[in-house]
Amino acid sequence: MSGKYSREITVAGALVLLMVALAIFAPNFFELQPLLSRLTSQMPALVAAIGITLVIITRQIDISIGAQFSMCGVVAGIVAAAGMPLGVAVLAAVATGVAMGAFNGLLVAWLGLPSIVVTLATMVTWNELLRLWQQGRLMNLPAGFQWFGLNQASGQGIVIAVAVVLLLSAAWAMKNLAAGRYVYAVGTDAEAARLAGINPKWTTFGVFVLMGALAGTASVLNLVQSPQVQPNAGDGLELKVIAAAVVGGVAITGGRGNLWGVLLGLLLLANVNPALTHFHQPPYWERAIQGLVILLAVIADGLKRSKKTSAA
Amino acid sequence: MSSAKSMRSLFARHEFVLLGVIVLELLLFHFLGRRFFDGSNVSNIFRHSVEIGLLALAMTPVILTGGIDLSVGSMMGLCAVCFGMLVKEAGMSPLVAGILSVGIGTLGGGLNAFLIARMKLPPLIVTLGTFSLFRGLAEALTEGSKSYSGFSKSFLALGNSDLAGIPMQLWIFLPVAVGIGLLVHRTTIGRSFRAIGYSPEGSRYAGIPVERNLSLAYILAGAVAGLAAVIFVARLGEARANAGIGYELLAITAVVLGGTSIFGGSGTVCGTFLGYLAVAILNNGLKRITAYDIFERPISSVSNEMSGMLTGLLLLVALAAVPVGKAISARRSRSKT
Amino acid sequence: KKSGESAGGGEELTIAFLPKSKGNQYFVTCEKGARAAAKDLGAELLFDGPTNSDPAKQNEIVENWISLGVDVIAAACENKDGLSTALRKAQDAGIKVITYDADAQNDARSFFVNQATEKGIGDALLDNAASLVGNEGEFAIITANLTAANQNAWIAAIKARQAEKYPAMKLVDIKPCDDLKDKAQQETTNLLSAHPNLKAVISVCSPGVPGAAEAVKQAGKTGTVKVVGLGLPSENKAYVKEGVTQAVILWKVEDLGYLTIQAAAALAKGELKPGASEFNAGKLGTMKIEGDNILLGTPFAFTKENIDQFDF
Amino acid sequence: MKPLLQLSDIRKSFGAVRALKGVSFELLPGEVHALLGENGAGKSTLIKVITGAHAPDEGTLSVGDETLRSLTPSHARELGIACIYQQPALFPDLTVSENIGLRLKKTSAFAKVNHAERRAKALELLKRIGAEISPDAEVRSLSMPEQQLVEIACALGSGARIVIMDEPTASLTQKEQHLLFAVVRDLRKNGVGVVYISHRLEEIFALADRVTVLRDGESVGTNRVDDLDEAAMIKLMVGREVATLYPPAEGQPGDVVLSLKNVTCAAGGVQGVNLEVRAGEIVGMAGLVGAGRTELARVLFGITPADSGEIALNGKKLSISNPREAISNGVAYVPEDRRRHGVILEMPIAQNITMAVHPVLFPGTWLRFKAETEMAKDFIRDLGIKAYGPEAPGGSLSGGNQQKVSVSRWLATKPKLLILDEPTQGVDVGAKSEIHKIIRGLAKEGLAVLMISSDLPEVLGMSDRIAVMRGGTVTSVLPGGTDAHDVMAAALGQKSGKEVA
């Protein structure tokens, strides 16, 4: 049993270590308001990470999620700027995400194309389309959009609550819903799943659609955090969440992983930069450290696996 | 059944189709663009893309083995920075520093190779990690901001002058291309890349040195990234940590567009070359078009966005063409019987 | 030579106008001024630039213009040394070269249209911040990338000014935001808790100003921590009015574009020669030249009082 | 009585391989219907058609009142068809109860999974078949027989009216087999139709009511089991007398080529193996699935190198730590899993044949296409490989011809010792006897041959001596003429008198 959660324990240990170090050397890190803002600003990534976790468990990958995130944000922004109510903007963002996810899903599930190349192509296409269209302008959102028109504390509360609810329900569904188990089954062995009466195509398609919907939701959660949106807001998001998933123990070969590990992985990676700042260290080590964390995680996997096979 | 023949003719067809795309582009840009076939422009097509071309060539063996290398762009950044430091801070000659840069690339590739071939870790994740690590090291070495410039004229000539009317860097690119082509198509090593791509276990059972040859593919990619970094610095006259950002994706695009299967096994270096050429020509030619887009902007002023978008679409069409074609021909043959 | 036959084939002058990057309101505004000037002059304007931070893209575009045979190139340099190589090549091909916004090396261009000297900008930013904090206390800087050349020059100027004039002020950190507003916001949040005595944040890149302002606002430090920076009025209006951002410093961006094209055309026609001390820039009237710098005038500080008068 | 299931004139091809050439079949309620046939006769393919895993090219299926052209796995399940596949189709990353749960009655995708109920159900099913497996264990941690038991539990639990079992006893111990038989009889009593595939005739006599024999993709008839005796059944299966199938041994074996002393490999589960193989001799290796025969071959070939013990070739002690060393020392291994290890299906047969001789054929790593084609043509001619040319991809050949390609690859290395692992698995009757002739011919030329096979008649017919493995070690070595019963008894670990020193 402890072996099963060894990754979560390791990552949680690293995170705790980091927090303890911060508590000793930079207690200001735990000041409530900045802590809350930091947390809120990671919620969109967390929501996107739920999606990528599902995608990777299905033994696929989606590197277009940053582009989807940007696109959904811009669409929602435009809808909001046109004076539509908040709900319509949210709907527009999610619908846009669903459409883009369905496009990926169609190509991957029904045409059997490799997801890494498909989503590479759609990533480039959406990103450049967005640039062509928006020319990178910072878009001012209408007043009353930020924090859902509430005050900051409630707004942040809602953002965190939405993300947490999504996380909990996704975690619950992955464990307790038949469809959630299908995702694991298809990622483990699509042919065996087919023989067990599961349709791997629909499952894969559904996961990509869900990824799109979650990217749309994430973009809204990002949108409400300031009165402006940048059309390339999603740049680099895919790497961030894929790294979080990998560090959190989701197997790139499909079938294994859970959201708690991903949550921990995300928190660990996201805190490298704040920690550097709070330790008064120069920022240019951030990327190298993140790379190291990813490599350590994957090496740990390898060692664990080789230990297992030699024990068997 | 002649499934081998049909498979071969498929590849032949793929390269043929790419050639068709290239010819179409050339015609289009000749008629819609300004002075597209100007000698200096033709040189520019190569001069500006040669680094991506090199990375794509070196990526081909990696993808043939069923792997991927996301770290080559970052490797370029690291090698560029090291090159700058070696020349400007250690006072080495560009030649020695260049050789050392290739050596650093080789080492970086060796790290990937060790983790992937020896420890049998998934290439996507390993190189995602080194993607961050190499770029991070480049940034840390320069404290994020330092850059190196003021290289000697003779070194800059490598990136900016012609020899016998041909851009200097092409004199490096072509031998590398031919070399990798020979390696992949004419040696047992290239043969083993394919075998590994089709079936790593099967290759091991056949006594192929899987670990060694897999390593070789990644080491080669690292070394070529080092070489590309030197050429890049010679062209720009400046070495910075941000060299080669995003080049890994451009290189992968060229390889896949060239017909190499991302699952490994099948593909040709010639296809990669054509794929790379198609993208390079598209990117250059759009800059010279005088027509306007739907927002009434001259296309030449949005050429970078356009070429990115068209490359993405081209890639999707190229990918989807195979299964869609198969489905159509299957339906046709079914309706016949 | 090549410059004789204009690319369009006719007699019309062809001016190529290169921004540092396109996806940015600043250069979009520049382009507006440039287009107006080109219209006044009856010249053809080519506008192209990189869409992201690929340092080689600018060279590629310049070399493309060289082979296209344009008459004059006006460039803002992201990579000072890097682009100079290409600009020298243009000069060798008989193309006139002028720089604006961010200079190249002296021998790579005839004139630099100087919106403000590096020192001028650095001084203005720090002087503004200093006067807001009473000439003492800690401050931090948000920059685009640690590698961005002219931002580094401004930072150097700020450092020099601080050492010289404000010994009681202390630069505690410099953070890159990758030209992303959201990242600037997160970095500032970290700065605020890592340096509790922070008195001011200076952003030397335009997405950084609203980003820093949002962070200060969320931390409830409006007024306690001053925000100043280089930015566009339209992107900062809300924060300036709320009193989160105290001053946004900028020149008249549209005029910069206009002036650049006027100077480029004059240079190409031989009306503007090295050594001149002034020249007539159409609707802007007569502009002063110092050495090889054509001066736009001093930077302008947008504040609560005047920001409504500007619409870019 | 109205049949539960009726198939008529089912045809199915895989590329060039015609696996089923018009098979008709009928299953009545409350009967155990055995499917019998040699390896590759098409039994597994037929049941995959029934379970919807494969769509037939032609023919129709009737299940109850419905007549269909083909099924999907989920539709088959709705119709009450459950199957235990020969290769367990389980999810290694999921737990046992999860695996069972996924195979039970399909619920809506968005229904809640009741883990407690699933677990209880799994526990009950496992108990019913007498398996001592924890429902919370991950399937990847189970042994092959345990996985097989989970498969059986899955099929039982679905409450199906038609239960198909493809060699369910292949890897079971006797105790487990008896439990299984009880389950089958129980099902029959409840009116369930059972399709039962096995190579063990005694099981068929013990269990089945009727038997349908497949030969080479065709059904050669359905009979009541009571109407047949063993000899008649075998004759139906192979279509000719067994005795004439195997080429006779000639001459005396030469010097010892391979000698193993106490060879052990913990990772592979091989323990203290002692064995000798002489030049010109075929040593057949018998044992149940999972007895460790393949593992021993992998040890000898350097894939999982030995930890201790002594391997000597022609009297020279060796340590073989990878396949390349094995090859350069004259060991060749034709692996059991042809599709994964033996032939690279996408590559031309010429390239497949030369794959193990790169350093010899292509000195300096440069490919010499002419020499390669020549070599391939020689083997195509000598072994009678049916292909349109050396450039045909491996996947375009029939199983037997693929196997010949696999053998060619190893003959090209000019080995001293040839290890063949299930050399005729999935090979049709004609090709099978050709392969037998080739093997015997090689032995005549002085090659030492170690032939692993689960096909008992093959072991009996081909071997000069028979080594029997059990539990990772060679338990006995029997002389060539030993009868089937004694070999089986040795494989099962029962006492038998006829051992050779």
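All chains are identified by letter, namely A, B, C and D, in their written order; residue positions are counted from 1 within each chain.
Just so it is clear, contacts are C-beta pairs under 8 Å (C-beta built on N, C-alpha and C of every residue); 3 or more make two chains touch, one makes a residue touch a chain.
Which protein is which chain? UniProt says A = Autoinducer 2 import system permease protein LsrC; B = Autoinducer 2 import system permease protein LsrD; D = Sugar ABC transporter ATP-binding protein.
Since we're looking at a predicted model, the values are computed, not measured.
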| item | value |
| --- | --- |
| Neighbouring chains common to chain C and chain D, by label | A, B |
| Chain pair that, of all pairs, has the most C-beta pairs in contact | A-B |
| Chain whose Cα centroid lies at the greatest distance from that of chain D | C |
| Centre-of-Cα separation between chain C and chain B, whole angstrom | 34 |
| Centre-of-Cα separation between chain D and chain B, whole angstrom | 45 |
| Centre distance in Å when chain A and chain B are each reduced to the mean of their C-alpha atoms | 29 |
| Where chain C touches two or more other chains at once, by residue number | 22, 51, 146, 176 |
| Multi-partner residues of chain A (at least 2 other chains) | 128, 131, 283-284 |
| All chain pairs that touch each other | A-B, A-C, A-D, B-C, B-D |
| Complex contact set, residues of chain A against chain D | 175-182, 184-185, 188-189, 191-199, 255-256, 309-310, 312 |
| Interface residues, chain B side, partner chain D - complex | 1-4, 7, 186-189, 191-192, 194-195, 198-199, 201-209, 265-266 |
| Chain A residues within the chain C interface of the complex | 26, 28-29, 31, 33-35, 37-38, 41, 128, 131, 134-138, 140, 152, 222, 225-228, 230-233, 235-236, 273-274, 277-278, 280, 283-284 |
| Chain A partner contacts - residues on chain B that touch it in the complex | 68, 115, 119-122, 124-126, 128-137, 139-140, 142-144, 249, 252-253, 256, 262-263, 293, 295, 302, 304-306, 308-309, 311-313, 315-316, 319-320, 323-324 |
| Residue ranges of chain C in contact with chain A within the complex | 21-25, 28, 51, 146, 172-176, 178, 180-182, 185-187, 189-194, 196, 207, 210-211, 214-215, 218-220, 234-235, 238 |
